[in-house]
């Protein structure tokens, strides 16, 4: 029980510290921006460790963070190979292809009203193609290696990106559009100079959501057939062996990679949409 | 009545007919049992379910069960209705594979999720590396179906005698066009579809008695199912909530499963030893590192059930 | 609505044409292999005919899927296990519950993040991390844990569905709730409006365009989540179970009809959100 | 009151305008009507608008708020579609004229793009019309100097005061040499001195380039000082109540505002304006 | 030129203001300084601002565009934080004053919420301050009548002309009875007649209620007509160059604008303004 009590005590303390940091003058410094989530995360880990130990949860249900850390420490090469296979080859290429395809489709949809009315409803169909249905088919079509994983990712990220871009391209206010009309700007010009910049906050919403989707997609697709390397392969195989520490080691890698991926997109967003009220004031 | 929950290893199909028949025919009820049967699936590890308290008894393959045991989940085999393994490696003859000597350089489909050990120990016996290359084999983690063979993505794939093999046949490939490697014949087979419980369950008062009645009723179900494949298949169809199974396929599966069944349901210690030694030698990354010990199985239940 | 019919039909028609060509192209290999195994040769027209009617095609022809859909949607009683409507309904109920929980949670989190710096700085990174956890990997654990505390049935599926749908809502709503201009905040500041008042009177109305976009993505994600959630619950019923059974037995046509079923379901729900969006924005005078 | 022949194009619901348009008519409005449909019933923003504007005219529109000045300017620029009557610009439909890039427009609100710096905002039309880089820089610098915004090139719109934003938007419209300038209260947020300064600049630009200018203002002196023609409007429905041709010479020093002619015109405009208003207290 | 004792709180870089503040000081600025940090270096929006405003004063701020009028008003309203000096409102910090709902603010841009009808926009502060429904309706109706927007209650902001939007935003600020009214060019987009009308209304409101009013305008006559105190500012950095206490009586008919006192004050303001400008042409 002392483990549990200790964990909750730590939680309270950490929360208090975070509140103090967030309210302090240094809240906007890089150090604080890093410290707060780290403290929060450490809290979660301590809580996890405490509960698992305190409540005697069997390691085959949920291993404690310490066991996971130990596993990560000894499995570097395996984790790295899996990461390269799944994230770099599968998720990243699928992300790039899927987001660009959706973006280009959105441009076409935005340009031709006919497509907007015809393609958009059909596009929302693609949104719901569940990975469980698409993955076996795409593995059959594109083989067991990362190509089929990239294809799954393409299908998964397409819709969020499409709908956000389409919505964004329509978000410019009417006066800004009128201005373009008075210049008799061509559709291409008004796209480049007005609608694209105005769409950026939405586009980045899509890009951010797609980061995590791409990772989930690439991993889960490996459940449906893969070479003997990859994060999804390792996870499903390890579950079969009840090697839950390995499962969570892979999940940890996925979480770290996903957060960094998301973070880098968010950084680009800050640079590109610096003018948007949501970025201008840290409100 | 005593309540028991049984977690299957896979979806509702004739592979588990004995339990469904015992349920449907009232054998459990007669034994004063109230049994809940939970279908499994590709994403369900019965060992995990039993660890989480979601089931009292699980149908599991021995490699997975022993691996779990070594990781601290004390599973005990209380009965082994399947005395033979049904797993095979199935190759297209046109690929040119005629025997193990042709494997180097080939692509082979293997089931993982705890089912890869027979294959791995066979390969280590043959001294063929599984990391690809010219003198090794390229291993694919095979999905649920036989498409890799039909689409020629693999030269050989894993099949069960009672299921996937027939899917290949149904797809239009004739038996002559196939080359089969049956793990049982190769002597590397591991035991499949045994009944496992936690040690703590055996220690609960009255539980041994309930499990005894359960095993006895289940074996009665198996006997009935093997004798009446048509009726067993019908019962399976009734219990299949997906509505995807077909009568023909299930009747045939029942017939094939019948060939694998043991009469008593008692674990054959010799087969157990074969399995354990095969697992201990399993290539570079053995499934289990030490003998699981005597506690890994018991004849108490089956002995009692036979009386 | 009405003027959308023509374009949609045109797009669908185009897709069908491409689909037919693709079916011939992708299935021809099997036809030829079978002919080779039988030691015969096939003419082009024989290939075309055969590719239209294979039992396990790489890509089923549209009419094969249509027939399967007709058989499983129209010809079966909706209470039958073989009816796609029955399975669709099972999935839909988990989807709706999951969507409710997911959007509710997503909006709450977004509200928290926008209002509390501590939450913004600490929760957001972990919400992101949570989404990088492959759902299919932890779904069984969720189910097992919930099971051990006596929760089973609809709720576990709905929870997995919610897990997938809350994130797009959080991301969209955080951006939306922060989208008002500084000047619009300043106005309320001069009234010394409380945070609640700022929320109801400014942040929420301004976030609506973002909200609806998020909802569209969220409801599609919920559906995917509900289907994913069907696997570790034993995949006994629902579109996910159909998909799985189809893929397990290599019944491509059944997979495709379940896929189309899911897609139509999603299309309808996204369309519904779209209607809701138009009605709301119109009532708020925001649609011009 | 001025004599009758000085009233051109004036229309109440009285006589039709002459069918033979005078020399070089740039804008020709005949019975133009514009009704907005709203949730709350139709709004008659313009009714029976008859007006001819010739090349080189400087026309001011003045009238109570809500009388349709902006709407009329927008209709000329093809940003609104009249619901009745005919409106031509350079003999073409407004939309054709728009597509031939016939005008520069200064909106009532500045409407700068927040993701562009001030200089980039001013260069926007130049980029669109395909001016080369060096020319863009030169012109942007020129017009920014004209509106006294040197040194603010690299600021973003939200870093500027209201009046500075308005000046930036004027600079943007002046940057390319449109023959027809439509300006909707361009100097509303400026102080008297800057305003006088910009008035002079605008007049000299106009005199130099023979542009046609449509100009909405609320300042009677400004209207009289700048215009060759003053159109007085009244609201509900928006219509023209008076068209005054200025007797002032084209050459106008600032102190022309103290001459009797000036004051007389101003007086007439004020009377017209007052007539359009509800309260006489 | 007015005599020296009429100049109160005037500060260039000369004498310090008297430390003993006069009766009932509402706003007390001492050495206020405000610097914006931008991508392009710091902008000195306000420097050495010393000013006392007493209860019941009507203070106009006038100065070239970009001289910091808006910034100063925003600082008083606690919308900007001075980077130097002290600023108190009713003896409190601006933020405390804001929290006690001490002011009504009319922004330079109308800033109506597009999803609310005009009436709902006007009721916004009333809702927030918890007035009951009937009272909200009554007040909204009153102030909308005051700014001549009856009949537009159910329209949306974008269905209104620029001037109408501005009047709606004035109505919104008047709807609740703040003791301190801060108005940033409220009448910029209005024609002379409406403007005169609203000037009168504002004066009578002020006289009736003893409000303290801070008022930014670009119109010299307007500033002189309305104010008890005129603050002239000049830019780069923004500072006060002159503070003029009006010799005009509190009771002011419109034709006071033709009196010599009026013209003299106007002249002094104009001189002050001109001095702050770069060009003398």
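Just so it is clear, A, B, C, D and E label the chains in written order, and each chain counts residues from 1 on its own.
Operating definition for what follows: a residue touches a chain if its C-beta (ideal position, glycine included) is under 8 Å from a C-beta of that chain, and two chains touch if they have at least 3 such contacts.
Just so you know, these numbers come straight off a predicted model, no measurement behind them.
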{"item": "Labels of chains that are neighbours to chain B and to chain C", "value": "A"}
{"item": "Starting at chain B, fewest touch steps before arriving at chain D", "value": "2"}
{"item": "Highest C-beta pair count, chain pair", "value": "A-C"}
{"item": "Averaged-CA centre spacing for the pair chain E and chain C, given as whole angstrom", "value": "54"}
{"item": "Whole-Å gap between the CA centroids of chain A and chain E", "value": "49"}
{"item": "Rounded Å distance between chain B and chain E, as computed from the means of their C-alpha atoms", "value": "85"}
{"item": "Intercentroid distance (Cα basis), chain B paired with chain A, Å", "value": "38"}
{"item": "Interface hub residues of chain C, defined as touching at least two other chains", "value": "58, 136, 140-141, 144-145, 181-182, 231, 244, 247, 285, 288"}
{"item": "Overlap residues in chain A, where contacts from two or more other chains coincide", "value": "61, 136, 140, 174, 223-224, 236, 239, 276, 280"}
{"item": "Sites on chain E at which at least two other chains make contact", "value": "109, 156, 158"}
{"item": "Chains touching one another, given as label pairs in label order", "value": "A-B, A-C, A-D, B-C, C-E, D-E"}
{"item": "Contact set on chain A toward chain B in their complex", "value": "58-61, 136, 139-140, 143-144, 222-228, 233, 236-237, 239-243"}
{"item": "Residues of chain E touching chain D in the complex", "value": "36, 38-40, 43, 62-66, 69-71, 108-109, 148, 154-156, 159-164, 166-167, 184-185, 188-195, 197, 200, 218-220, 270, 273-274, 277-279, 281"}
{"item": "Chain A-facing residues of chain D, complex", "value": "74, 77-79, 98-101, 103-105, 107, 109, 111, 113-115, 124-125, 127-129, 156, 158"}
{"item": "Complex contact set, residues of chain A against chain C", "value": "15, 18-19, 21-23, 27, 32-33, 36-37, 39-41, 44, 61-62, 114-119, 121-122, 124-134, 136-137, 140-141, 159-160, 163-164, 167, 171, 174, 201-202, 205, 208-209, 212-213, 215-216, 219-220, 223-224, 231-232, 235-236, 239, 247, 250-251, 254-259, 262-263, 276-278, 280-281, 283"}
{"item": "Chain B residues touching chain A - in the complex, by the definition given at the top", "value": "42-43, 45, 47-48, 51-52, 64, 67-68, 71-73, 112-116, 130, 138-145, 147-148, 151, 153, 287"}
